[in-house]
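Every chain is named by a letter (A, B, C, D and E) in the order it is written, and numbering of its residues begins at 1.
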Amino acid sequence: MMLVSFLFLPVLAAILLLFIKNNKTAQWTAIFFSGLTLLVALQMLYTPMIDFNITWLPNLNTRFILHADGLSKILILLNAISFPAIFMATANNDYKNRNVFLSLLLFTQAGLMGVFLAGDALLFYFFWELALIPVYFLCSIWGGEKRVAVTFKFFIYTFLGSLLMLAGILFLNAHTGDHSFLISSFIHANLTGGQQVTAFALFFMAFAIKMPLFPLHTWQPDAYEQSPTAVTMVLSAVMVKMGLYGVIRWLMPLFPVAFMAHTHVVVILSVIGILYASFIAIRQDDIKRLIAYSSIAHIGLMNAALFTHTQIAIQGALIQLFSHGINVLGLWIVADMIEQQTGTRSMQQMGGLAKKQPTLAILLVGFALANIALPLTNSFAGEFLMFTGLFQFNPWMAACAGVSVVLAAIYTLNMVQKVAYGAISEKINTMHSPNKGAQAVLIILLIIVFVTGVYPQPLFSLTADTLQELFVK
Amino acid sequence: MNAIIVSTLLGVIMMFCSWGIKSQQVQKNIALIGLFILIIANLAQSSGWYVVDYDTKGMLTYSIFGLYANTLLFALTFIYVWINGEEIAKINNTSADFYSLFFFILCGISVLTSFDNLLMLFLGIEILSIPLYILTGADKKNMFSNEAALKYFLMGSFSTGILLLGITFIYGATGSFHLTAPVVSISTGFAQEQILLSTGLILLFAAMNFKVSAAPFHFWTPDVYDGAPTVFTSFMATIAKAAGFIAFINVFNTQYKALGYSWTLLLTFVILSTLLVGNIIAVFQRSVKRMLAYSSIAQAGFMLFALYGKSEISNESILLYAVVYSIATIGIFAVLVKMKENSFEAFNGLGKAHPLLAFATTVFLFSLAGIPLTGGFFAKYYMLSALLKAGAGLWLVLVAVVFAAISIYYYFKIIQAMYFTAGVPAINPLPNQYKYQLLTLAILLLVLGVFPNLLLNYLYF
Amino acid sequence: MPIQYYIYFCLALFSIGVVGVLTRRNAIIVFMCIELMLNAVNLLLVAFSKMYNGLAVQNGVANTAGIDAQIFVFFIMVVAAAEVSIGLAIIVMMYRNTHSIDINFLNRLKN
Amino acid sequence: MNIVEILFYALSVFAIVCAIMVLISKNPIHSVLWLILVFFAISGHYILLNAQFLAIVNIIVYAGAIMVLFLFVIMLINVKKDSEPQKQLFVKLIGVIAGGSFLTLSISLVKQAMPLVGKTVPLKEGTIGLIHPLGKALFNDYVVPFEISSVLFLSAMVGAVLIGKK
Amino acid sequence: MGIMKILVGFIILWPLAGFLFNGLGRNYWSKKVIAYKATGYIFASFIASIFAFIQVQNHGAVTVRYFDFINTDTVKIPFDFKVDALSSLFLLVITGVGSLIHLYSTAYMKEEAAPHYARYFSYLNLFIFSMLILVLGDNYVVMFIGWEGVGLCSYLLIGYWFTNGNYNYAAKKAFIMNRIGDLGFLLAIFWLIVKLGSVNYNEVLTATSLTKLSSTDISGITLLLFVGAMGKSAQIPLFTWLPDAMAGPTPVSALIHAATMVTAGIYMITRSNILFSHSELTQNVIAIIGISTALLAATIAIKQNDIKKVLAYSTVSQLGYMFLGLGVGAYSGAVFHVITHAFFKALLFLGAGSVIHAMHHEQDIRKMGGLKSKLPITHITFLIGCIAIAGVPPFSGFFSKDEILAAAFAKSPIYWVLGVLGAAMTAFYMFRLYTTTFLGKFRGSSDQENHLHESPLAMTLPLILLAIASALAGAIGIPEMMGGHHWLSHNLIPIVGKPIELGLSHSLEWTLMAVSVSIALLALLLAISMYKKKTDEEPTTTLGKFFYHKWHIDELYNEVIVEPLNRFAGFLKNVIEKQIIDGAVNGTGKLVQYSARKVRLVQNGQVGYYILFMVAGIILLFMIWFNDISILLFFNKLTKN
């Protein structure tokens, strides 16, 4: 039943919020419920989870199954942490109809939870879309000036991807023995090699667009730039993980043959993407776009790691799912605070933050360091393992991807330099004392960054069972 | 049989109502009660209670599927009248006449869901079509309405000619009008043994495609839907069309074998061109009404998938699709009816001005686009699933999926206008009750979006 | 008389009807051509009816074989009559509004 | 070649010529008249086929009622002879080509149809076209469609009234 | 074990505590508290290091484990620390020199406001902490943690005055160059994990593990490790960051150049000497790069006028020597030079700092001169430093440099010749610096002259202590030939093995020594005589300009690497991304719209056309029916291909 509460709590809160017109009350309701979800999530870490399993549509042979293993848990934890953090951090932002805004966000959270929990393909697809639709509205209503066109592109792009996945699900369903949608029966579907490749391609398209993988990424920087930052945070901290989650949960066990046949193609593509995004990030002046491209690079690395199909790299990717979420969340919150107060995203116009707002600058530097996977920050362990696996897979790939370590340093430090250092610019000078709640969130996130950076072992143990599942069998 | 008799009687009653009863509201209520009675009568037949237990000599045959389709279409008509009653009255002072036409159409529909003889098919189609020609031209002073009616009439008659020639050839080949499957060996198309039968079937196929507005026989659809009074477009695009599909399936579920391998090819050709034409042209429309006309062509392309399958799932899927599509279309047309103009700009700012209405519209559009959590998703899902289970190639599914993605483009233009564009919506004042009616429809779609079973389970009682 | 001859003849009439529909601009004449098509079909049906009747008689099965086609023709006539009444009503209504029955002018609705 | 066959050919040629005349006459009234002649020819065919009932009905309904209705309307709206502008030549050409290809296509199909080979249509024989068997069939086997066609008329009636009303 | 666990804990945690204390409380403490705590913590760490050192001397090497950093089925990386002869020696140097620099800084940074003062010290403490992790780690990953840590700290400290754009640039440059090296290091670690499944020293650096590695593996791994060392220890081609690192406060330069950071590369290679000894290729590469760096940097140092720049290039040059030593297998010699260099380079930098402090942040030596009398302590100590680095016996630099040169000679006389040349240049530029700064007449403004003063005790005390160390540190490695015992190389036997027999006769060694010393002395005297009266003006000769402009290497990098990459990135951003990839996406949308515009024209409103299309459609259906076989075959072919 605990698993249902992950869906139930956000939805309940979302519905409640529709009737709360007062901004402050709405804000606190959202924080309260998401905090409650977080508590449940924390509790979950230490409790063995029982699957939630009821019939849903008997004549389609689809069931409502929620199942949580280490992979699900780590992502649920990330999801549960992200939302209260986002609510706190954006509490002072000026969103009209705040209650609707928050409500839609909570619907997204429920969708995401569902994606990470679903044990049935159709259910998975359902939640996959449910997570997307509120985002469409959030971005289109509360976004930047080009929001409608950009969001539309984003929506149609990802929707096409998920439709392809639906075709794949249908295809698999037609080939299962019992015509059901359970993962287990999908795994045992009798597919020929060619059929596996087809279904693999269909699923992978959806995941690749969601991640996004080069060259299917062009929706992302625009969407990140134009979305309200609270949504961008959701998108980049949690939502992109859907694609990676899909790869681990669905692609790997379902299509072992096709998966192994395509490792090289995908890894090469990912590595190209990593370098490509990194190079572009170097030339970005818009802080949100910079973070967006940086995110593409990082996700590319995770994807490459997954496709090496080495245990070590996948272990790294599993914990990196969490760590990347935390880091990027921190970066966005800082970027948002700056944008909210200065009204600009151009780094050319920033500078001197360290003098004007030392605390914020320190936090920025902290997350920037985590972004470049400095040892003892949380990203290090994950990236280290991923690179090791990549090296094991193919040393040249690792070397090429490794260049991104340098490039990441270049663009991240560029950002830090332009934003934090130098003389106080006109725009930065307009900043007043920062939002205490946001700062508190940032500090907590930074503590998570360093604690999991120094002692990542709990994350490893959490995800051990997923790894077992993937490799022991 | 019950449905045919009762609907005829009700039609006659309504006809006389326009004489004695002047209040539009009362007329509407009578129509609603009539529809209710009709539904009850039909259900009664499902459970074995007849008004007249008459041997139809093989003209009609009653299946659970046909009766259930009747029920659903009657229920849809009920919803349609319930929502659009006031608008119908605005077209003409004698809305009872229209109601009587509706009842006659329902009679035609009842024939089409249960015919077992090509003669009955012909009659059914005509009973369905003739009132539709009239409804199209109901707005007598409106040139568009006139033009649409004439176009519809001419092309409809022409297609009747084609239909008859097809039936004639079938008769010439088999010596019978019955719908028993022809005794033929599955072969490639050009078997000289059955050329005549195949020719007839292809002509019949073309004529049926015309009725369900599948390309390349769709040309009447945009103009007629555009020109007809919006309330009636709503009826034509939903209930009448769904009946056409059920008739289509009835014919070809038994007869397609005569076409051998060609059947798949012909169907694929028609489906692809329908999807292409419907989706592509809809993209560039400036009028919402016309866009919906093209979108209904596109949706027809989806519904044609049901012809691939010969199994129960294709029956399920056509029913679900028809109902969901009809609800959504009735809903969106009901909104459109209240707009002062048909352009997309008219919807600007609707989300702010009428949040409930905008929400309902969004659900309708989502459903049409096939987005999960609305019934449209499962409708499309069942179709594609039926397609795959019938052994069609995956590539066809992929093409369908790509077109579904394109369809997002034009459906979401309305959503964009409603929520993301500031402005004052060009909408007539509408009573609260109307909003709640539409909201009910939206909720219905949402419920079907999670539990499509609610609709389909009855097929197995 | 071989059945083919009837078929050729009827198809010729039918095709003339089609050509008429395609080439004429007067709505009434177009409509008349459609009637011509229906008549061709009628004749063909009757021919088939007689053909099957003749076969049945030869085989000595039943002497009412083929009667269904003639009944069908009857219904076609019935329907045609109904259709004509509606069609002409529409044409007249059209004429009242536009003072033209040229179908080439029916192009306000397009694209 | 007996008289019946001669009649068949004569009626056929006559019908086709009249049908073509329907197409090419400029004056709508002439078209109507030509069409009536076609109907008569077809009725002649019916008689040849010994389908007397249909022959009569054809003349009554088509030639008598329907064509008169057409004439009525044409006169009512007073379409002048030259008021109908001609379609462009190439449109006509395309129309003829389309119709012609439809004809050749279907004829070639019929030619190849094996089951039809050797089948003949008995002329002047058979009783099924007489009123008695037709009536029996109509009110036994075909009573359902017969009744249902009344709905058609009802709706046509309502429709005509609806549309015809000012 | 137990006591060592506590000791190591102390050693590491004190600096960390200092970092947290000053970092978090930067707004709350007074400068005095900050200074005391920061220096005190490092000093405490130093005391603990001494105990650890003694412990190692008495009981041998110890490994301490606190917790597992990464512990999965495939790879185990514990957070282990190893205290052995090598690391304990480095501990002493780091914490010892470190605490002196802290002490010095308390006075040097006095002018900073309290929060920044705290920030400075917290960075400094973190620097020490990272370096300690680096040397204490028992596996390459822990070493890497410290390795990156010092990179970060150097970044923070070089950019300490963050409002200055150039300083930030220098800081960034340092970090990125280091990162390039780190990448090499990382790849080497991956290689080790993939081949050996472990990165622990006691599993990697053993004979058994060597058998598991092919010669390609060893060469590859060692070369990659060397790339790491290149970055950290500023070797060609990754050396340009180090001179730029002068942007930081002077004590920071001292810390970077002497006790921490740049010595990391030498430490790492020494630590992994077993691997390196097995790759002839790598050793040659190291030696060649080492000596080239030594010479290159020396030539540049000759022409620099900024007091810190000269010292910086001298560091690069000395590091080159150390790498030469590593390349020729004289590991203990390299370590020896690290230690002596730590002392005298710290001394020189702090001395320079003292000068700068006195000159009010004037760094151009042409504006100094005659400071001998004004800054007596600084002068003496600086002189000692210069003598030590010039390799004049019996100062420490002589012994360490000589050991390397002797080993180089054994490998190849060319190395030796070049090495001596470098040594001569070292003597020359150091005394050019000394002479121009301290001798002659004061050339600065009168305002500066009036304010010239000797630095406070907190600054002079470290100078004095370091001067003593610079003078005497040679004692730990007096070669046996001179009757010494060479305590250091004996001490390092567990790590680097017995020193290789050079096979040189004593007389030859004496001769070599004499030659090198005399050449150095000649250069020294030449420098004094040349610069006693005049200063260097802008160089006029081509070669002079070339050296003055640092061989145009920065410009070269800029032209050959930075700019093309920048342009490439711009190309990706503006052309590939915007026009090709996004263009394809948007193009698809446009295509749909375009075809919509065109296709809808078919719907032209004419009934005639519509019916015509219908007839055509019927004919088309017939066509499909006729050709169904060929269409099917066509499709089958399509799907098969």
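Simple rule for what comes next: a contact is a pair of C-beta atoms (placed from the backbone, for glycine too) under 8 Å apart; a residue touches a chain by one contact, two chains touch by 3 or more.
Nothing here was measured: the structure is a model prediction, and the numbers come from that model.
*Asks:* Shared touching chains for chain D and chain E?
*Replies:* Chains in contact with chain D as well as chain E: B, C.
*Asks:* If each step moves to a chain the current one touches, what is the fewest number of steps from chain B to chain C?
*Replies:* 1
*Asks:* Most remote chain relative to chain A, going by C-alpha centroids?
*Replies:* D
*Asks:* If I average the Cα coordinates per chain and compare with the overall Cα mean, which chain comes out closest?
*Replies:* Smallest offset from the overall C-alpha mean is found for A.
*Asks:* Can you pull out the chain pair that has more C-beta pairs in contact than any other?
*Replies:* Per-pair contact counts point to C-D as the maximum.
*Asks:* Provide the C-alpha centroid distance between chain A and chain C, rounded to the nearest whole angstrom.
*Replies:* Chain A and chain C have C-alpha centres separated by 66 Å.
*Asks:* From the C-alpha centre of chain A to that of chain D, how far is it in Å?
*Replies:* So the centre of chain A lies 72 Å away from the centre of chain D.
*Asks:* Could you please state the distance in Å, as a whole number, between where the Cα atoms of chain B are centred and where those of chain D are centred?
*Replies:* Result: the chain centres lie 32 Å from each other.
*Asks:* Between chain C and chain E, what is the separation of their C-alpha centroids in Å?
*Replies:* Roughly 96 Å separates the two chain centres.
*Asks:* Tell me, which residues of chain B touch at least two other chains?
*Replies:* Residues 119, 123, 126, 130, 133-134, 137, 140, 150-151, 154, 158, 172, 199, 222-223, 409.
*Asks:* Return the residues of chain D touching two or more other chains; collapse runs of consecutive numbers into ranges.
*Replies:* 87, 91, 94-95, 98-99, 102, 106, 109-110, 116, 141-142, 145, 149, 152, 156, 159, 163
*Asks:* Can you list the residues of chain C that touch 2 or more other chains?
*Replies:* Residues 3, 7, 14, 17-18, 21-23, 25, 30-31, 51, 65-66, 68, 71, 75, 79, 82-83, 86, 90-91, 93, 103-104, 106, 108-110 of chain C each touch two or more of the other chains.
*Asks:* By the document's touch rule, what are all the touching chain pairs in this structure?
*Replies:* Contact pairs between chains: A-B, A-E, B-C, B-D, B-E, C-D, C-E, D-E.
*Asks:* What residues of chain B sit close enough to touch chain D in their complex?
*Replies:* 4, 8, 11-12, 15, 54, 56-57, 59-60, 92, 94, 97-98, 100-101, 104-105, 107-108, 111, 117, 119-120, 123, 126-127, 130-131, 133-134, 137-138, 140, 172-173, 192-196, 199
*Asks:* Would you pull the chain C residues touching chain D in the complex into a rising list?
*Replies:* That would be residues 1-9, 11-20, 22-26, 28-29, 31-33, 35-36, 39, 42-43, 46-47, 49-51, 53-55, 57, 63-68, 70-71, 73-75, 77-86, 88-93, 95, 101-102, 104 of chain C.
*Asks:* Spell out the residues on chain D that touch chain C in their complex, using ranges where they run on.
*Replies:* That would be residues 4-5, 8, 12, 15-16, 19-20, 22-23, 28, 31-32, 35, 38-39, 42, 45-46, 49-51, 53-54, 57-58, 61-62, 65-66, 69-70, 73-74, 76-77, 79, 84-87, 91-92, 94-96, 98-100, 102-103, 106-107, 110-111, 116, 118-123, 125-129, 133-134, 137-138, 141-142, 145, 149, 152-153, 156, 159-160, 163-164 of chain D.
*Asks:* Looking at the complex, which residues from chain D come into contact with chain B?
*Replies:* It comes out as residues 106, 109-110, 112-116, 140-145, 148-152, 154-156, 158-159, 161-163.
*Asks:* Tell me, which parts of chain A touch chain B in their complex?
*Replies:* 57-60, 125-126, 129-130, 133, 137, 140-141, 147-148, 152, 155-156, 159-160, 163-164, 166-167, 170-171, 173-174, 198, 202
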